[in-house]
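There are structures below to look over.
Okay, so subunit A shows up in both of these, paired with subunit B first and subunit C after.
Then we have the complex of A and B:
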């Protein structure tokens, strides 16, 4: 998640870091230059007041309109796989205070879709819907799927007795002559 | 609790829930004569042929597998009672009927080990399946109402296995909602009515869903 690109504006000129800005002709980043940096770097530079952070594209008005229209159909994974996590970390860094409530709104409306699909749908039919989910939603979905799957497995039967993991191991030789076993 | 297979999500696996269910007491009719059994969990017996005795399910299953007893199917597992329960489940879309906490596990153990003791086995089996489906559907509809202001979900009369199935999902959902609805995330530019000021003091309030 920390690798997600953030668009930042340098508030100060920086010497010797030209590689951060692909468009720069010298080895420096000028004051006011707009550069994409990974989140961790953007965050750190922001704390040192070297940069200001723009609201990431996945929280723009277009996405908000789409979420309002039909939240479940929006492909958030394509916009940003760590949509919610990035949102939570962005809130204290940017001036836009509406991101928080937008995240909540997006999550609550998409949550219903995840809920209705997760326990009852077989994995094969879920494949159309799964690629649209962000990481957090996918985890939710998989938690439900795996608990349902393990219940079904239990219900149809199978071996009741499981071998404890410790029983399968070979006994370690303790003789000092032997080479230490891994 | 000790012995859980996955401590992070605090879930039991289905066989672990079944293991817990084996402590439920059930009636058996032995066909042998046997001294009392002194177990850590208590003393059972002495057993006399054709005289009913109460034992934990694990002991009942063990005796049954050796052909030493017949298991008396519990009251609630009769076709009549289950039909009633199914009807009641269907009629009340917001409430769960009172069934034994371990009804899913007990019924499966009995189907596996004592199916010859169950009258109308197929009927009972399909009734229990139907009841479970209806109840699970109710759980799902109930979960739809979780929102940012839900602090607890009340699911009265839900059984052990049913809780266990939805547990990972509910935990993650509540965590996500808690995170997204925290006061740090929803910052107020100015006062926008009393709904927001409620959000700020989250402490003692509990939003229990009437179900």
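Then we have the complex of A and C:
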């Protein structure tokens, strides 16, 4: 999540870091240059008052309208795979207080959908909507599925001793002992 | 972009399922270290430049200073990513001792770097000496047993094994009634399975 690009404006110039600004002709970044930086760098530079941060595109008005219309259908992963986490960490940096309530609204309206789908969807159709979920939502989805699976296993009862999962990936290929009869 | 390569390294770690090891990526690791060295060189040269202009590094806030800050932050970031990579692998390697025992199969051995292999051996030796001091095998009964004996089915030819006071020939597909503590290590190595007839 720390790698998410943030659009920032440099309030100061910086020498020797021309790599950051693809439009720069020298090896320096000028004052006032608009550059995309990864979140970790943008954040630390903001704390040193070297940059100001713009609100990331995934929290713009367009996305907000779409979330209001039908939250469950919006492809949030395409916008930002760490939508909620980035949102939480952005709020103190950009001073836009409305992001908080927007995140809450988006999450609560999508949460129900994620949870009910995790129990009802067979794995074949899950591929249709799984790519729309952010990383956080995918984790929730998998947690719901695995807890259901463990519950079922517990109810049925069965072998509790298992082969170490790290060995389970490769099966030894053994030759068939009996050739199939013609 | 600064720090991109280091995060690729971590992405690799995140893409693997938890508890699974990927091949130790020494290429990328070395590249990141090289990147760190470059940052260091740039950092030093910016500091020199400031010193030549007789500026106090502690208080000056000019363009060279912010350039140096960016290099410093990138350096710290790379370091952090490398540490995270090593730490997470070390955790998995430690857990191997509990899951599959002292001897690592070839396909896992290949995924470790040399120092990770040494780490596993030393960690394993430390656990062994602790267990022999206690006179108790801590790696068995990870799940509380209901019965001290279980039925097992042998999945692979193991051969003659002496378990406690009896010699037993474990041939493939044979079913035995063994002490659970004896069977457990074979099950976790994938040589037996619990037989629920």
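One rule holds in what follows: the second predicted complex is superposed on the first by the 152 of 182 C-alpha atoms of A that agree within 3 Å, B and C clash if a C-alpha of one lies under 4 Å from a C-alpha of the other, contacts with A are read in each partner's own complex, and residues count from 1 in each chain.
Definition applied: contacts are C-beta pairs under 8 Å (C-beta built on N, C-alpha and C of every residue); 3 or more make two chains touch, one makes a residue touch a chain.
None of the values given here were measured: they were computed from a predicted structure.
Novice: If we overlay the two complexes on their shared chain A, which of subunit B and subunit C does A:103 touch? Say first, second, both or neither.
Specialist: After superposing on A, A:103 lies in contact with subunit B but is clear of subunit C.
Novice: Mind working out whether A:3 is in touch with subunit B, subunit C, both or neither, as first, second, both or neither?
Specialist: second
Novice: Which partner does A:15 reach: the first (subunit B), the second (subunit C), both, or neither?
Specialist: It touches subunit C, and subunit B stays clear.
Novice: Can A:119 be said to touch subunit B (first), subunit C (second), both, or neither?
Specialist: The answer is first: A:119 touches subunit B but not subunit C.
Novice: Could you say whether A:61 touches subunit B, subunit C, both of them, or neither, answering first, second, both or neither?
Specialist: Touch status of A:61: no partner.
Novice: Which partner does A:41 reach: the first (subunit B), the second (subunit C), both, or neither?
Specialist: second
Novice: Contacts for A:111 in the overlay, against subunit B (first) and subunit C (second): which applies, first, second, both or neither?
Specialist: Only subunit B is touched by A:111; subunit C is not.
Novice: Residues of subunit A that sit at the subunit B interface in one complex and at the subunit C interface in the other, please.
Specialist: Shared contact residues on subunit A: 160, 162.
Novice: Give the list of subunit B residues in touch with subunit A in this complex.
Specialist: 9, 11, 13-15, 18, 108, 112, 136, 140, 143-144, 146-148, 161, 164-169, 172-173, 176-177, 179-181, 184-189
Novice: Given the complex with subunit C, which residues does subunit A contribute to the contact?
Specialist: Contacts found on subunit A: 2-3, 12-17, 19-20, 28, 38, 40-41, 44-45, 48, 50, 158-170.
Novice: Under the touch definition given earlier, write down the residues of subunit A that touch subunit B in their complex.
Specialist: By the definition above, subunit A touches subunit B via 84, 88, 91-92, 97, 100-101, 103-104, 107-108, 111-112, 115-116, 118-120, 136, 139-140, 143-144, 146-148, 150-151, 153-155, 157, 160, 162.
Novice: If we count contacts the way the header does, which residues on subunit C are in touch with subunit A in the complex?
Specialist: For subunit C paired with subunit A, touching residues are 1-4, 7, 19-21, 42, 45-46, 49, 61, 63-64, 66-71, 73-74, 77, 96, 99-100, 105, 107-108, 143, 150, 183-184, 187-190, 193-194, 196.
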